[in-house]
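Let me begin by handing over the structure; questions about it come next.
Labels A, B, C and D are assigned to the chains in the order they are written; within every chain, residues are numbered from 1.
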Amino acid sequence: MATTAIIGAKALAKGLITPTGLVTELPEIKRVELVSFKNLIFGGHETRRSSFKQSVGQLEDTGINIKPQLLSKLGNGIKGIERDIKIGVTSNPTRGKSLQKTVQRLIKDITHFRKRHSLKNVIVVNLASTEPPVKEGSHTRTLTGFESALSKNKKDLLPPSCLYAYAAFKSGCPYINFTPSAGSSIPALRELARQLHLPHTGNDGKTGETLVKSALAPMFNYRALNVLSWQGYNILGNSDGRVLNNPKARESKVQSKNTTLTNILGYKPHSYVGIDYVPSLGDWKTAWDFIHFEGFLNTRMSMQFTWQGCDSILAAPLVLDLIRLVELSHRRGESGELPHLALFFKQPIGSNISDLHHQWLIFSKYILEKVSRKCS
Amino acid sequence: MATTAIIGAKALAKGLITPTGLVTELPEIKRVELVSFKNLIFGGHETRRSSFKQSVGQLEDTGINIKPQLLSKLGNGIKGIERDIKIGVTSNPTRGKSLQKTVQRLIKDITHFRKRHSLKNVIVVNLASTEPPVKEGSHTRTLTGFESALSKNKKDLLPPSCLYAYAAFKSGCPYINFTPSAGSSIPALRELARQLHLPHTGNDGKTGETLVKSALAPMFNYRALNVLSWQGYNILGNSDGRVLNNPKARESKVQSKNTTLTNILGYKPHSYVGIDYVPSLGDWKTAWDFIHFEGFLNTRMSMQFTWQGCDSILAAPLVLDLIRLVELSHRRGESGELPHLALFFKQPIGSNISDLHHQWLIFSKYILEKVSRKCS
Amino acid sequence: MATTAIIGAKALAKGLITPTGLVTELPEIKRVELVSFKNLIFGGHETRRSSFKQSVGQLEDTGINIKPQLLSKLGNGIKGIERDIKIGVTSNPTRGKSLQKTVQRLIKDITHFRKRHSLKNVIVVNLASTEPPVKEGSHTRTLTGFESALSKNKKDLLPPSCLYAYAAFKSGCPYINFTPSAGSSIPALRELARQLHLPHTGNDGKTGETLVKSALAPMFNYRALNVLSWQGYNILGNSDGRVLNNPKARESKVQSKNTTLTNILGYKPHSYVGIDYVPSLGDWKTAWDFIHFEGFLNTRMSMQFTWQGCDSILAAPLVLDLIRLVELSHRRGESGELPHLALFFKQPIGSNISDLHHQWLIFSKYILEKVSRKCS
Amino acid sequence: MATTAIIGAKALAKGLITPTGLVTELPEIKRVELVSFKNLIFGGHETRRSSFKQSVGQLEDTGINIKPQLLSKLGNGIKGIERDIKIGVTSNPTRGKSLQKTVQRLIKDITHFRKRHSLKNVIVVNLASTEPPVKEGSHTRTLTGFESALSKNKKDLLPPSCLYAYAAFKSGCPYINFTPSAGSSIPALRELARQLHLPHTGNDGKTGETLVKSALAPMFNYRALNVLSWQGYNILGNSDGRVLNNPKARESKVQSKNTTLTNILGYKPHSYVGIDYVPSLGDWKTAWDFIHFEGFLNTRMSMQFTWQGCDSILAAPLVLDLIRLVELSHRRGESGELPHLALFFKQPIGSNISDLHHQWLIFSKYILEKVSRKCS
């Protein structure tokens, strides 16, 4: 996903591709002063054992078809990046340095990156695979509790996504949590963001089945149709799929997907979200949803949909959109959760609006206000 | 559809069924003072050669499963209705009385019905099968032109749906056009409605594939995804399906369905709406839609949905909703087209909003204003 | 399922319904001398707490639409049956009588039933819900082992399906195992059937997703297409669905469904069979299968199917078919497993042919031989 | 399709790809002495205005993803081919030379091609777009009639596919008609093939929806399920799709597809085959089939399938298979229609077997006989 986003941003900067899939390039949205693609510099942490070049090579194996011509035109723009990619932190609690040391390393990496490129603004984005749900406790509830667990090196309590969010904030950077992992969504870190006047947003980019669900579910309300059951099955074959085959990691994802329906309908129908790993699909996720509903005179009817999308292709432009929108917020002095970005997430931090259309209205209104302030 | 609506209204009046499928029974909507189901009296014109009792008997053959217990409980409530059902006007231009005579008969039937039951308000609803598109000309453009064609007995220019709308208005009644036929949507009759301060609404109840389409299409805009093709295939087996097997009648329907997409997306993708007659399906319509779209880095993806609904069961409650909402408008002195009812139609008269969510916002706002006016 | 089969048989005996769904009524099959529906007498064991009359009443709740007129015409034919239905044996090992006593009771019930109606031939059919897989051991491998476990009252080793099969054989009756439970398929009981010269057949009636799979999978072989993944998801809401929501019971079912694909393709693609309980569906099972395959020049393609069938309606006629075909075998002196009946099962005992077309060829050939022997 | 077949054959000859999709490379089939891919030489007629190199370039635009590495490895093997590709004959009756001259040119081209490469055997294959159905008359019924129309230059009676078949036979070559056009299937040309002892086969390669249909339909027979309706909708975007958007050409295709169902079921359910042009799909054909059927107790159930395949990728290996199998027949002295090849066609010449499994049995038996004759 990161590789796709970087290639896309470079291609956009050079005008080599159309901005299809980018919300921030819609005519009504691009009127706000967003950072241009030319001014985006990428660096990061890689948790897999592959170089950026290898990741580019692997795109084709997962079914992402980037034309060789495009890659060769980007040649120089991409070459330098390897230097800015460091080894990422994973959740193996028995290995490696203490949590304190880890956080210090993260802060150092961010700070060096900022200095090397003389950057005004650095945005930290979590695109790593899903972690199991975090145990709740004083370490999630208050900043003091969090920092105490950190100094006591409680590796089983503080997952990498939280360490990254903490390090980002401590480095003066906004944080975007594109995964269903805890990240900055725990009260302890929301407290820190407020203290330091930093914006942050998440959780879990809404790209496929849940996107459709959040567009479709309101229809049943508008027609007073009673949803009896909503069964959803997702099959996918990328590393995300492999991780989600692990029941613990799946739990975070399914929780993230499940709230949508109840939030929109206002009641809880029988529902299920399955995620299964099908290696041959690569990055192409297929979802089948079956919706059983009741209408007039208690007649039962049904609809089903199949979604066949490429995960990274759907997610990458949203990552770029979020970077630009969070950078805007930071520049404008906005801080804390950014509820106007609920549109982009399965489990928006600081918002309980799941209805896609409602989310769009809130986002549009925010943009309109920004634009009119600019004009006045 | 009419039979289902009447049975449903009678069952609602006696509290025998839940109001599933009725928009006007949603908690936030029912706060306006709508006519109660107990106060609704039904009569009408039947264009087929079957009595009301026979129509009830045929419901099961078309796959509508109304429990015998319910019917026996309604016994008395339904018996009287036969007296109020007259022979309907169809579009055979070579047969029957002159247009003037026909219109006079319609006005007489409406007036007698109103008197017999001492009704405050009579609402005329068109639920007949789809007519071919009407030829445009002075008879559609101005009231003078229309009345001139009427007096010259131009049977090929003025279809039954227009005669019914004209007769309704001349009898002081609001008119609801639930079909894709011309009805009151031609400028000539919109002029008459304005003159006589009567409300009217239409065209073509939005119950199935188009409903889903209008809920789903905005999603592609919100994500800047480019819809390349949207193919829709409808198969159905009721008399509506038989009529739509006729290419001329289908034309009206397809026109009605086609505008939705372009209106919502703001551009015209390759699209197609097929309607085919499959007798074994009876009243159960199945629609399959295939949507081909382009995302980031010009990657092509797709989604498909299958809708399996019972036409009459989906339409009947909307007919009751519209009767109640148009009656409200009439009582409150509103006249002309009722754009706040766009939510209910494939081709709303007086509105070019096709996006279901936008339509809902407009409708909700209208209701809220009515409620606050009531409270203040 | 049993209720539906009995009502169907009675209606067939009276000529009230067409024999749609009955293999034994196909013109080419009915030429063998099968027992007529008039000569079938039904009795049985009920494991639920409901009378036959109540079961009939529940059919509608599960979405099986038997016309009230049909039921009233069957009135007398059905009334008597209650007397022949006894309380069934379930798998609660802590309760009830010893295994020996239970088997004696089963034998007594069968014997009385045979005497009361002066029957030539009694066929025992297992239609109870799926049991968890049986533990293998000497009790499954040899008759001596089985009878030793029986006399030692090893309730956790011998599930009801095996006790019923044992009791059937000991009463001189053929046995049909329509479920994925062990039944007569364990070597110990196959030994007993051979000893007593009794025919038996099973396991697990092939009615829906697996039926389609076994018709479709050979196509990929014929075209040298390489199946990469075959994912199947079943959702259903009857008591079978409730039982299969239990992971242990599901194991039996999934095992039964899984062998089909490997047997037909000759290799093992990535595959999965999910079964989920969706109460609102009642007896209507919906299955979605997604097949990912590779063709020429390593191009990946896919197909998907959705099956929407009513479980009891699909299974009931097969139960009647099997009763007639096993009765024929018994009358003709055939014994042991009946591999020509593989056509009817997901996991045929005594056959490793899973390809539906191959199964049909074997069955047709068997019938043809029976017919020609009859003629000569 | 031709381009894909040639690239595939060249890649197979060099061992660069696995033989997925090739029936003649199945272990049980390849035991007969088929011509090796190394010994296949390609030439042909191109009816479009594009060179072979351009056609290769266009593959990607239509969604066929052949790796650049593969193409570069084939470099030399492909270069020479341009010389052997001449301008093809299309059906514009007002333009060009007389029919006699055209046939003479075709014969000359075939003869030169044979000589230039010193070939033992030349097989002519028709892969051109679908022609409208041919008018029946003495020109289709007898060879004399055909040759009379030829000499009288009746351009509206004799379509290109028939001219090619005629020229092939007159040049001593077998003919394969992979399209639904008339080709060698008219009695006049079947007469010629018999006279000259030449084998020929067709019509219309069975690659997608009809393939699935012919695998699935027998299942309904085996279970005595009554098919009420079978609706099929095909959408595709290649030049074949563009041609089939023309109602006249579509007629041939739909006729070809329609016989399958009635042949297999033994009765004619309500059925429909739609073909629509959706440019964005390129060579990727998507088909949706909806099957409505009746089971026990007159209960109606349904299944649907979606097929998403790449037309050329599915067809190209069959073209290679047919070339090898027809070459085998020719070498072995077989002539006339080749009913054992029905497996490959929607409308097999000389066979009324449409059931895929039955076709496979016939084909397997033929191969087995060939193999045993070889061994003995």
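Convention: a residue touches a chain if its C-beta (ideal position, glycine included) is under 8 Å from a C-beta of that chain, and two chains touch if they have at least 3 such contacts.
All values reported here derive from a predicted model rather than from experimental measurement.
Asker: Do the two copies chain C and chain D share over half of their interface residue numbers, or under half; same or different?
Answerer: same
Asker: More C-beta pairs touching across which pair, B-D or B-C?
Answerer: Comparing B-D with B-C, the pair joined by more C-beta contacts is B-D.
Asker: Would you kindly tell me how far, in whole Å, the mean C-alpha position of chain C lies from that of chain B?
Answerer: Result: the chain centres lie 49 Å from each other.
Asker: Determine the centre-to-centre distance between chain C and chain D, using the mean Cα coordinates as centres, and give it in whole Å.
Answerer: One centre to the other, that is 43 Å.
Asker: Residues of chain B that touch two or more other chains: which are they?
Answerer: Answer for chain B, listing residues that touch two or more other chains: 65, 302, 304, 306.
Asker: What does chain A use to touch chain D in their complex?
Answerer: It is residues 65, 68, 306 of chain A that touch chain D.
Asker: For a test of understanding, state which residues of chain D touch chain B in their complex under the given definition.
Answerer: Chain D residues touching chain B: 63, 228-229, 231, 233, 235, 270, 272, 274, 276, 278-281, 286, 288, 290, 292, 300, 302, 304, 306.
Asker: Give the list of chain B residues in touch with chain A in this complex.
Answerer: Interface residues on the chain B side: 4, 7-8, 11, 17-23, 25-26, 64-66, 70, 211-212, 215-216, 218-219, 221-226, 294-299, 301-310, 313-314, 316-318, 343, 356-357, 360-361.
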